[in-house]
Amino acid sequence: MIIIKTGTYLDLTLLIVLIVAMYYYNKVALAGKLPPLRTIPAIGAITEGVGKSIEENKPVHYAMGASGGQLYTQLLSMTLVALAFLNYISKLCAKYEAKLIVHMPYQAESIPLIEAMVRDGYKSEGKPELFDPGCLRYYGYGALTWTQSVTASYDTEGVGLNLSIGIFYSDCPISLEMAKIKGGLNVGGTGRWIMVYAFAMMCDYVFLGQEIYTAGAMVSENPLMLAGVFVEEVGKYFSYILLALGFIIATMGVSAVNAFFAL
Amino acid sequence: MSLFVRKQLPIIIASILGILMILAYFTTFDIFAQFKGIATSWVVIVSAVTVAMGFVYMTNAQIKMYQMNKTPLQLAYTLTTYVFFGAFMIAGLAYKGDVNSPEYQWWFQNIYGNVSATIYAVMYFTLASSAYRTFVISSIESEALVLGGMIYTLRQIPLFQVYMPWIVPLGEWFLLVPNVGGSRGAVIAAAFAALVVGIRTLWGKEVTLEVSS
Amino acid sequence: MSKDKPVTFWEKLGNIDYRWLYALSLVFTIIPILQPLGLPVQVSEPTIGYCDAINNLQPGSVVAVSFGSSLALLDEQEAQYLATWKILFQKHMKVIFYCTYADSALILQKHLGSKVKPEDYGYTYGEDYVWLGYAPLGEAGEASFAQNIRGVYPKDQFDTPLDEIPMMKNINDQSGIDLLIFTYTSCTDVEWPVRQWVVPYKKPTIVATLGCCGPMAAPYYPTQIQGFLSGSGMGTELEVYSGNPGPGAMMSDAKNLGILPFLLFFLLGNVSYLGKRYAGGKSKEVK
Amino acid sequence: MALFVDVLGGLVGTFFIISVLSMLWKDNPIFRIGQQAIIGATMAHYILLNFKSALNNAVLPMLGGNLLLFVPLLLGVLMYTRLKNEIAWVARYPTGVLVGVGTGVMIAGTLRGQIIDQIKNTVLDLTNSAVSGNMTGIINTLLIAIGVVTAISFFTFTREHKGVLGISAKIGRIFLMISLGANWSGELVWYLTQLIGRLSWIINTVIKVMLLGG
């Protein structure tokens, strides 16, 4: 009896390759033997931005997108990365005692995770008393109320650093540009390639596409997350191999290519 | 309550559910597909029930804003929020057809429809001003950015299509060749990163979930 | 705008207050709205293909319109829709409208109720056109519709069972439809009609979408879709090509002029950069 | 002459359009009033839609005998424990359910849609061009393939961008930049259309038709 669906063999192969690679690199990471990663300049800019905020006596703004709290869709991974950055920026704000404002996404189901990340950030720096629940801002449904409210917040409260990481749609061209106009240091990125242009054009420091995931691992300093970066590289080699195999099979014609990728 | 119940069990549940969903994708067993159908409809219900929590946090934020700036104007802003909240709730509950009633649709179209369309219009200005700042030919990368942006912009403006007809095929070429190559590569790279996050979650090692515990 | 105060002429050229750009853009956009200029429009191949796909059908052919439009994005697509409805009614097609997005029903109600009334073309509801109402189909729903219309829409918008509607008597699935017009606002959705209508049934299909989604639709033209419209620009082209003036002409005029301040500022930004780079040290300070 | 209710709608709509556009000038009470009104309106809209959905898809079917639907309803209610610190840990259960299901959906969708199909399209485009013998097509699809390979190489983090990888990453970055420019452009012209649409609505519908009766 065939238990694996036709048309998913290649998918399964790739998944197994990644799982094996993760097992291997997790062991390497726990043994403390991971080689260093290429630096991403935007990471350093986050600390710089917190310093700037303190110097100017303005708050640090963190945004994960108007629709950035997706917990059960295909974009979940970006929500998790955005939460990792939220934890990081909370720690930095607690450490340097900078004021933090979190512009929450409209998905109310993500609020418990968001609050937990911020609380943990303050707690792990030994300053839980500095956490202010009023820093978590919720603006109702959709991008239009979110973009307007974020802009209003920049206006009334000022903006030192604006860190925007997560799932962004047509909300970021306004929030990023307004932060820039109000004198904020913009740092951010999204995994949604179609919107990366806004970050590339409006941010002082940008994480291009996949860089948010790698940067997320770097700021966490967690060996297992860093190991994930190496697993991603294994995946990329797999894609090169698949591409090469495809071209070899292409010499047998279009139908052969279709048959191969239908595996 | 034990540490296991408070911390580890929710992560184990997440892992088991994730694995079951993946089995539905890979295997021919109907039971997994049925489970997937139930689970995906349940999460929508969970999410729907959670929605009022937003109201609590919205109120927190409104109070915070008023505490920061105790002026009559700020009070008026805050009251405006609740007046419109009430108006929409009444329009959505009091009339036959609830959110589909003409009364609710009047509110919805005139306010929500216009504001959402205008938000897109505002983006024209923000994109234009960011390009004024960024579209400067200072390196090979920025030249590529400007080239991709400006040629396709001109291609979309009717006047340039008429008086510079060559801009049409050139704009299309930029769009369908280098743009497709670059974006495909970026999508594939990001997809691997997303997969790794997913596998780590199933493994029970996703740091975000551990922190939240 | 940089935080440091610009000193030289070149720096000032690159640091003009953005509000000048905003104000100029507004003025240049409003002029053609007040006074249309009638600037020329060139009709592109995909638009011709789109229009001809309807023109080439015999009168009385059945056209299904999968209408997935959003209120917020209507400005970008209304010219496409209005011109399409006019062509369909002028050519005496039998039309099945079905809405796939929550806002679509409101839009269609307005269009058929006041902007392009089918009755003005001698149409009778239920005999020449039907409106099946709203259901959030998605790709799976589109596939179901192609296989069994009644499975997805057992009743029309006005709660009449399809079996009681004369036009729908012999139309049960895709085989009773001669052309699909698929309208959408999420770029990747173009794959839905291709996968669910074109590949399995080789059904002639044309699509209408936003300007930014054109690049995603282009690879399917002309092999899998006979034509496509992306954005109000191609909506205007359809108006011109089919001889049905509409809101698109004003849109195109306003676009032609509205973009000019941006182009000017783009040039200023680059002149400023080059000036700073090559003449910055020698430039005269402007107070 | 337009009906009073239409005129009122037109004026309300115009107020909100001007309110939003005014934020480009500077912070002002009209913008803030509009913004606060929208928060309230969208909050109510969101609650209405979701409670209606929960009522129709869970509560009523449950009362009709489908008792299993009590589980997602309960999970939803458990989310509110986050509001009280002492029992906030309970919210991890519904969160775990959401994330677990989401992870499965994400992995399944990503493998085929975003990786294998993208590679397949790259191979197939070039193959089709080669089969048809169209030289321009071959060059274009070859360029796409080069773009794909080099763009992926740009996202290599475990090695420094030097030597062959450095060249490849540099080329990849150029492809990526062109793509960003094209995306920006597609949206710029779309947003310009939206601006025209709103201004045209105020001028041609509200002012000319509703107020002046033209």
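Residue numbering begins at 1 within each chain, and the chains themselves are lettered A, B, C and D in the order written.
The definition used in the following text is that a contact is a pair of C-beta atoms (placed from the backbone, for glycine too) under 8 Å apart; a residue touches a chain by one contact, two chains touch by 3 or more.
Just so it is clear, the model here is predicted, and its values are computed rather than measured.
Student: Given the touch definition stated above, what is the smallest step count connecting chain B to chain D?
Tutor: Minimal hop count between chain B and chain D: 1.
Student: Average the C-alpha coordinates of each chain, average all protein C-alpha coordinates together, and give the chain whose average is closest to the overall one.
Tutor: Per-chain C-alpha centroids compared to the overall one single out D.
Student: Hey, which chain ends up farthest from chain A, C-alpha centres compared?
Tutor: C
Student: Ranked by contacting C-beta pairs, which pair of chains comes out on top?
Tutor: Result of the pairwise contact count: B-D comes out on top.
Student: Can you give the whole-Å distance between the Cα centres of chain C and chain D?
Tutor: Whole-Å distance between the two chain centres: 18.
Student: Rounded to a whole Å, what is the gap between the Cα centroids of chain B and chain C?
Tutor: Measuring from centre to centre gives 22 Å for this pair.
Student: Express in whole angstrom the distance between the two chain centres, defined as the mean CA positions of chain A and chain B.
Tutor: 13
Student: Taking each chain's centre as the mean of its CA atoms, how far is chain A from chain C in angstrom?
Tutor: Taking the average C-alpha coordinate of chain A and of chain C, the gap between them is 33 Å.
Student: Among the residues of chain B, which are close enough to touch at least two other chains?
Tutor: Where chain B meets two or more other chains at a single residue, that happens at 22, 25, 40, 43, 46-47, 50-54, 58, 109, 112-113, 115-117, 119-120, 122-125, 127-129, 131, 133, 135, 145, 150, 153, 156-157, 175-176, 179-180, 183, 186-190, 192, 194-195, 198-199, 201, 209, 212.
Student: Going by the touch rule set out above, which residues of chain C reach two or more other chains?
Tutor: Where chain C meets two or more other chains at a single residue, that happens at 1, 18, 22, 25, 73-75, 211, 214-215, 231, 233, 255, 259, 262.
Student: Can you list the residues of chain A that touch 2 or more other chains?
Tutor: Residues 8, 11, 15, 71-72, 76-77, 80, 106, 108-109, 111-113, 116, 139-140, 142, 144, 148, 156, 170, 173, 178, 181, 193-194, 196, 198, 200-201, 208-210, 214, 229, 232, 235-236, 239.
Student: Which of the residues in chain B come into contact with chain D in the complex?
Tutor: That would be residues 1, 6-7, 9-11, 13-22, 24-25, 36, 38-56, 58, 73, 76-78, 80-89, 92-93, 98-99, 106-115, 117-125, 127-128, 131, 140-142, 144-153, 156-157, 173-192, 194-195, 198-199, 201-202, 209, 212-213 of chain B.
Student: Could you list, by residue number, the parts of chain A that touch chain B in their complex?
Tutor: Within the complex, chain A touches chain B at residues 2-5, 8, 11-12, 15, 18-19, 22, 26, 71-72, 76-78, 80-81, 83-84, 87, 104, 106-109, 111-113, 116-117, 120, 132-140, 142-144, 147-148, 156-157, 170, 173-174, 176-178, 180-181, 191, 193-194, 196, 198, 200-202, 208-210, 213-214, 220, 222, 224-225, 228-229, 231-232, 235-236, 239.
Student: Okay, in this complex, where on chain A does chain D touch?
Tutor: Residue list for chain A touching chain D: 8, 10-11, 14-15, 35, 37-38, 40, 70-77, 80, 106, 108-109, 111-113, 115-116, 139-142, 144-145, 148-149, 151-152, 155-156, 170, 173, 178, 193-198, 200-201, 208-211, 214, 229-230, 232-233, 235-236, 239-240, 242-243, 246-247, 249-250, 253-254, 257-258, 261.
Student: Note which residues of chain B are touching chain A in the complex, please.
Tutor: Going by the criterion above, the answer is residues 22, 25-29, 40, 43, 46-47, 50-54, 57-58, 60-61, 63-65, 67-69, 112, 115-116, 119-120, 122-123, 126-127, 129-131, 133-135, 145, 183, 186-190, 192-201, 203, 205-209, 211-212.
Student: Please output the residues of chain D touching chain C within their complex, sorted ascending.
Tutor: 24-25, 182-183, 186-190, 192-200, 203-204
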